[in-house]
Every structure is written in C-alpha cells, then in structure tokens.
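Here the structure comes first, spelled out in structure tokens, and everything after it is commentary.
Letters are used for the chains, namely A, B, C and D, taken in the order the chains are written, and counting of residues starts over at 1 for each.
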Amino acid sequence: MKTIFRLFAVLLAIGLLAMTMAKPTRVVFFGDSITQAGVKPGGYIDRLKSMLPAGQFDLIGAGIGGNKIYDLYLRMDDDVIAQKPDVVVIWVGVNDVWHKASSGTGTDPDKFIRFYEAVIKKLQAANTRIVLCTPAAIGEKTDMTNQQDGDLNQYSQFIRNLAKEHNLPLVDLRKAFLEYDLKNNPENKDKGILTTDRVHLNDAGNQFVAEQMQKVLTSLK
Amino acid sequence: MKTIFRLFAVLLAIGLLAMTMAKPTRVVFFGDSITQAGVKPGGYIDRLKSMLPAGQFDLIGAGIGGNKIYDLYLRMDDDVIAQKPDVVVIWVGVNDVWHKASSGTGTDPDKFIRFYEAVIKKLQAANTRIVLCTPAAIGEKTDMTNQQDGDLNQYSQFIRNLAKEHNLPLVDLRKAFLEYDLKNNPENKDKGILTTDRVHLNDAGNQFVAEQMQKVLTSLK
Amino acid sequence: MKTIFRLFAVLLAIGLLAMTMAKPTRVVFFGDSITQAGVKPGGYIDRLKSMLPAGQFDLIGAGIGGNKIYDLYLRMDDDVIAQKPDVVVIWVGVNDVWHKASSGTGTDPDKFIRFYEAVIKKLQAANTRIVLCTPAAIGEKTDMTNQQDGDLNQYSQFIRNLAKEHNLPLVDLRKAFLEYDLKNNPENKDKGILTTDRVHLNDAGNQFVAEQMQKVLTSLK
Amino acid sequence: MKTIFRLFAVLLAIGLLAMTMAKPTRVVFFGDSITQAGVKPGGYIDRLKSMLPAGQFDLIGAGIGGNKIYDLYLRMDDDVIAQKPDVVVIWVGVNDVWHKASSGTGTDPDKFIRFYEAVIKKLQAANTRIVLCTPAAIGEKTDMTNQQDGDLNQYSQFIRNLAKEHNLPLVDLRKAFLEYDLKNNPENKDKGILTTDRVHLNDAGNQFVAEQMQKVLTSLK
C-alpha cells in the first residue's frame, strides 16, 4: 500500500513540475504605439524574449497607436482579459498629455486617475498581477524645458501614487529615462538618445526599456 | 361557455391595466451638466413630470457636469443599469467638442463614435430601450458663426448616423434649437434665447427640451 | 502757334501713354502658405500673370507658411511696404483658426480684428490700395460639418465687416468656395475638389482663385 | 579770478543737482494682468515707489490683462515709447504659454522669440534701457508637476538667452519664485505662497517682486 502511495506522490510531483514547465507566465503588455512597435524585431518586447529565462514567459503585445487610458479601459475585455494573462504591464500616459496640445483631445487629470483605477480594479477582479509604468518622455531635454515636462511629471506622479495605494510593482520609466539622459545627453538634445522623435524608442531605447522590464518581470517570480 | 370567456377577458384586461398602473415606465436621463440641472425645479426633467400622463413614467436624472461620452461609459453600470430602466435617454456631446478649446481635453471623432456604440451595446444587452439626442448648442447665433458650430454639427451627424444604424428614436435637439433660434433670435445673439450662457438652458430652453422629450417618450408607448 | 500746341498735346499723350506702359500696377499678395505656393508654376499668382492684360500688372508673392495676422503685421514693413506696392491683397485667417486645434496657438477673435485693423491702417498710411480676402476652407464638406466651419465663418465675418467699415474691395473666397463645392462636391468629400488636403489649393483651386482675383484686380483700374 | 571760477563751479554743481532732482528716471513696466494689478495699492509697482530713493524714479504701469508678446509689440508705440521712458521693464510670457491650454491661443516658440526681438529692437531704437523678466509661475508646486512647468521653463530660457545676446539686465523671476517656493512651500501647494490663484500675486508675491525689481533698478544708476 505504502509503495503505491509513494509512487502516486512521485507521479504527482512529476505532473506538477510538468504543469509548471508547461505553463509559462503569460504577460500582456498593454499600451499605445510604443508598445505596438515593441513586438517588432528589435522592439522592447521582442528583445525581452531572449533576455528572460527560456520557456518561463509568454510575452504578448497589446499596444495600439494613439491609445489613452480610457481606450485601454474600453478594449481591455477583448484584448487583455480574454488572453487570460498572469501579468499585465500597463504603460500609458504619453497621449493623455500630448494630445492636449496636438489635437485638443488629451485626458483631464481627474479622469486619468479615475479610468486608471477602473482598469486596475477590473484586472484585479480577473485575478491578474499588474505592473504599472510611468510615461517615459515627450522630448529628451534634461533641463525640464520640454513643453510637456510639467504635465508628464504630474501624470507620472499619479501613477506612482496608484502603485503605492494598490501596492503594485512600478517601472518608473519617466525617472529612468531622465537619469539616463542626464548621463548620456550632454548637449541637451530633444531626441536621438533613447527616442527617434522625442517619444518613440530607437534601438538604445528599446534595449533600455527591455532591461527595465526584465528586472520587474524576473522579480515577480 | 361564452360567459366564462367574457369574464376571463374582463379579468385579463383589469389585470393588464393594473400591471400598467403598477409599473410606470422607468426613464433614466443620462448626460452632462445640462441634465444634472434638469432635475432642479423648473429643469426640463422636472417640467416633464407634469407634462406626461400621471403615473405612467418614473423620471430619473443621471447627469454629471463635465461628462463626455467615455465618462458615461465608465459609470453606466452603477448609475444607469443598476437603476433597471425601461428607457435610457442619452444626451451628450457638448463637452466632447467644447473641451477641445477650453482645456485641450475633448474627444476625438473616431473615439466618440466608438464609445457611443459601446454605450448602446451595453444598454441593449441590459434590455433597455434607448433614445438618442444630439447636442443642442454652444452659442445660439444662427448664421453658423459660433466657434464650435462645425464640430458640433459633425458630432450631431455621428449621433444621427448611430440612430439610423441601430434603428433608435432620435431627439434632434441640434436641429430643433437652430430652427427655434432662426425664428426667435433675429438679432443673432449668442445666448439668452434658449440658453443662459450659450450652453445651459434658461426657462424657455428647459420648457422647449421638455416638449421635445415629451413627444418621443409618449411615442414610445 | 496752334501747331506747336498740337505737337505738345501729341507729345504729352505719348508721354502719358509711355508712363502708363512703363509703370504697371504693382500688386503684392500678402498671406500664408497658400500664397507662398501661389507663385509656383500653376499656382494662382502664376496663372494670374497670363490672365491679366499684358504689361499692366506686376504680381509679387509675399506668402509665408504658417503666417497668422500678427505675423503679417510684424513683417509688413520689410516684405510689403518696402516693395512700394500700388495694391496689396491680404489673404489670411486659416492658421489663426486652425492652429487653435493643431498646436494651441491660434489667434483670439478680438486680437485678430485688432491686428487686421493695424495692418490696414499701416497700408493706408503707405498710400496703397487694399483688397481683403476671406479664408477659403479648412475642409470642403458642404453641410457645415468641417470641424472649424463655425470659427472660420466667424473670422470671415470679421473680414467682411472690416471691408465694409473701411470701404475696401473684398474677395469673399469663403463664400465662393462654398458655392463651388455645393455644385461640384455632391459626395460631401472633405478634400479633392478645390484643395489637395482640405486647405491648400489643387489645380482647380488655383484656377478658381486666380479667376476671383482677376475680377477684383481688373475692376480696380 | 579764482573766486569767479569757484562761484561758477558751485553754480554748475547746483545746476546739475537741480537737473538731477528735476528729472527722475522714468520707468515703464510693460506687461500683462500681473503688471496691470501692480499699480493698485499694495501692488508691486505701488510698493516700489516707497522702496526706491525719493525723487529719483517715476514709475509707470503699462500692463493689460491677457497680453502676450505680440500684443506688447502692437501697442508699444502708443503705450510705451510715447511715454519717453528711460527704462522699460518687460515682463511677459505667462499668457503665451497658458493660453495654449485655456483657449488654444498661445504663442508658438519661434514667434515668441521673433516678437520679443522686435520689441527689444524698437526700444533700443528709441534709446531706452531695457530690463527683461522671466515669467514667474503658473502653479507653485516645487516638484515640476505644474502642467505648464516645462513650457514655462522653455520660454524663460528664451528670455535668458535674449538677455545674454543683447547684453541686457535680467530679473529671473522664474528662478527666484522657484527658490522662494522651495523654502516656503513645504506642502507642495499649487497656490497661496506668492500667488492667489497660481499666477497672480498675493501680498507676499507683490512684496517679493518689488524687492527683485528694486535691486535691478538701483543697480542701473
């Protein structure tokens, strides 16, 4: 009898191990055009694939150009929760700020917070782990003279506060980009260090973001 | 035998009448600051109460100042569907257009349509009848020189198209206001005919909107 | 004696004729990118050259992309008055309206009028004849659903009022474009009839504007 | 003989003194609503009067609410040069930035610089000494999260560059306000330290600005 139990236990352990090995952590990157480009060869999600332990992560891009926080809310059932993710990385905010000036269709501060909270609440109800990111940059000048610096700092602060309140891991890309640019942008250029056009990532930018994401994803295990 | 049938028919009629009397049609007015003010004494919803057949309608205001279409989407579960309405009257659009100029936080045309469709879909899933309204005015000048006239016409057209596509009754307040002002605003003033401040209703405006709403609500029966 | 007088009269006539022939009317077209493109082959100013009586007009383009009314004011000494024009055709207004939405840097209505009056005043002090034009279009849809239609109508009305007050000839391009589009744009397209991109002139547009300008310039003689 | 020379020297000295006493330095403060309020009792110009050596300065306010750099250019002949000032203090920039968001009618960066240079050039041609000031604040939060901080920093930098290029004294109110707020605004409030409403000066603000102005004006002698 004992032998049979032992055998069963061993088989069970093997089975569980197999299941663990068979089921990598499913990560959805939920965002805007930066994330949409992230799945392309050389994009930050593409780079992450070879930077994470083999077989342990499934990385899925769910970025759509021009998206603001309320666009994420609208499409999260179809594009994120339907994917049954273990982890959702939310990276949004550039368009909420930028579109104020470029088309008069940015997002009010109070509504940014309200929709962000609604997204978090829905993801928590779907039992996923959540990682928040601050918007990196609209312009790379390091002396706080990029037009949207104040507003982008404000919205980044909203996200930092949400991370604290909800006890969620944060990738503070706003802070990381500024620190990187302070070291690597001595000429105070507005693009070309981590971005091609003040917003979207160049090769160095994709590599830099991939490294930041790698840290938080491996720390989740 | 005939007598029994007649008796049954009479009882049935009484029963149906009782049901009708016992269960007035529950109407939620879903909108922005104009609707928020509509429940106050003299407001269009308040006026409607005495203009509709006694006991046949329950009128509920669900307007919040500054709301745009995506705000309606965010709060519709709590504020509308939870009320188990028979009819929902959606009146929104002014802020989606206006806030472009006043704070840089209006709504893009494509997103206005997308969120509006999402609101309709959710209400239909909740088995409610839906009435659409076009945004009435941002300025009452009748020669199409109010700053937002073009954009407001555009968004009104979106709503007319949605009403057609989904076969929903429409209260075309944009059209009705312009016709009223063409008759009653010979001096081409930008406010004071149906509005106090180019947007919000004065007494005549509340009465006028109540009359438009009365028509559509009684026609639904 | 008589013979001498006759000879003198003939010589005088020849001299006057020579002066007339020697001194064509000098016209400066003062405006934005539409006028900047107008001097290119096929542009409206280029077309006008062959449409006006030979030798009677000197046509000079003074258009700079992105210009608003206050930009005209700033550069009018150098770019217009220094040219010693007989006639200045002012065609401006699109950017004053458009830039409100595209970069948050349009022109307030009261300031548009104030700067326009200052431009007129300075040109009158320089003894030039002045022709005003209304801004033609930002979008060619004919049902008043182009986003800026209301505002563009408003600024056009300002210019019509200025023409009346100062008793100046007006080329009402806003009105002319709408009438043309009502006939030639049955599908309610937003570009492609007189413009390439909702604002800048295609071949038909350049021809149409040249014809409008021809009328006013020949009527000035 | 010597006596006569001495007498002459004494008379000359008295005469020069009299001339000095008779002709105080005429200072025009040229700006927006902040300067318009500056002449009221308790305003920064009013305070300056008692803070400067008696009889040595004539202080004149030339501030108009809502003014941007191009408004100053438009009215400078009438409102400033006609006053025959010895010194003009230019303090402008808040509306050039702020109106982008509040009405879509701010000033493009390149045009801000161009008009500012035109104002300087005209004042120099009128032989006046010029003092430049940076715009102080739109919001007093000290962590660079006021919406317009980036843009206001950018326009302040333009003014600092202009001061350097033209070798003009600068009152760097942007820098001074931030330093003051870093010391006196530990709660990171957005108003109430030097401003009543994020932009306009409270009593402490008027006193603080008066002190900054006092320094530069006395150093000009």
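Please note the rule applied: a residue touches a chain if its C-beta (ideal position, glycine included) is under 8 Å from a C-beta of that chain, and two chains touch if they have at least 3 such contacts.
Since this is a predicted model, take the numbers as computed values, not measurements.
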| item | value |
| --- | --- |
| Interface composition of copies chain B and chain C: same or different, split at half | same |
| Chain pair repeating A-B, as identified from C-D, A-D or B-C when over half of the contact pairs by residue number coincide | C-D |
| For chain A paired with chain D, centre-to-centre distance based on mean C-alpha positions, whole Å | 46 |
| Rounded Å distance, chain B centre to chain C centre (Cα mean) | 46 |
| Intercentroid distance (Cα basis), chain D paired with chain B, Å | 52 |
| Overlap residues in chain B, where contacts from two or more other chains coincide | 100-101, 103-104 |
| Residues on chain B engaged by chain D in the complex (per definition of touch) | 100-104 |
| Of all residues in chain C, those that touch chain B in their complex | 100-101, 104, 139, 143-154, 157 |
| Parts of chain D lying in touch with chain C, wherever the complex brings them together | 66, 70-71, 73-74, 99-101, 103-108, 111, 114-115, 118 |
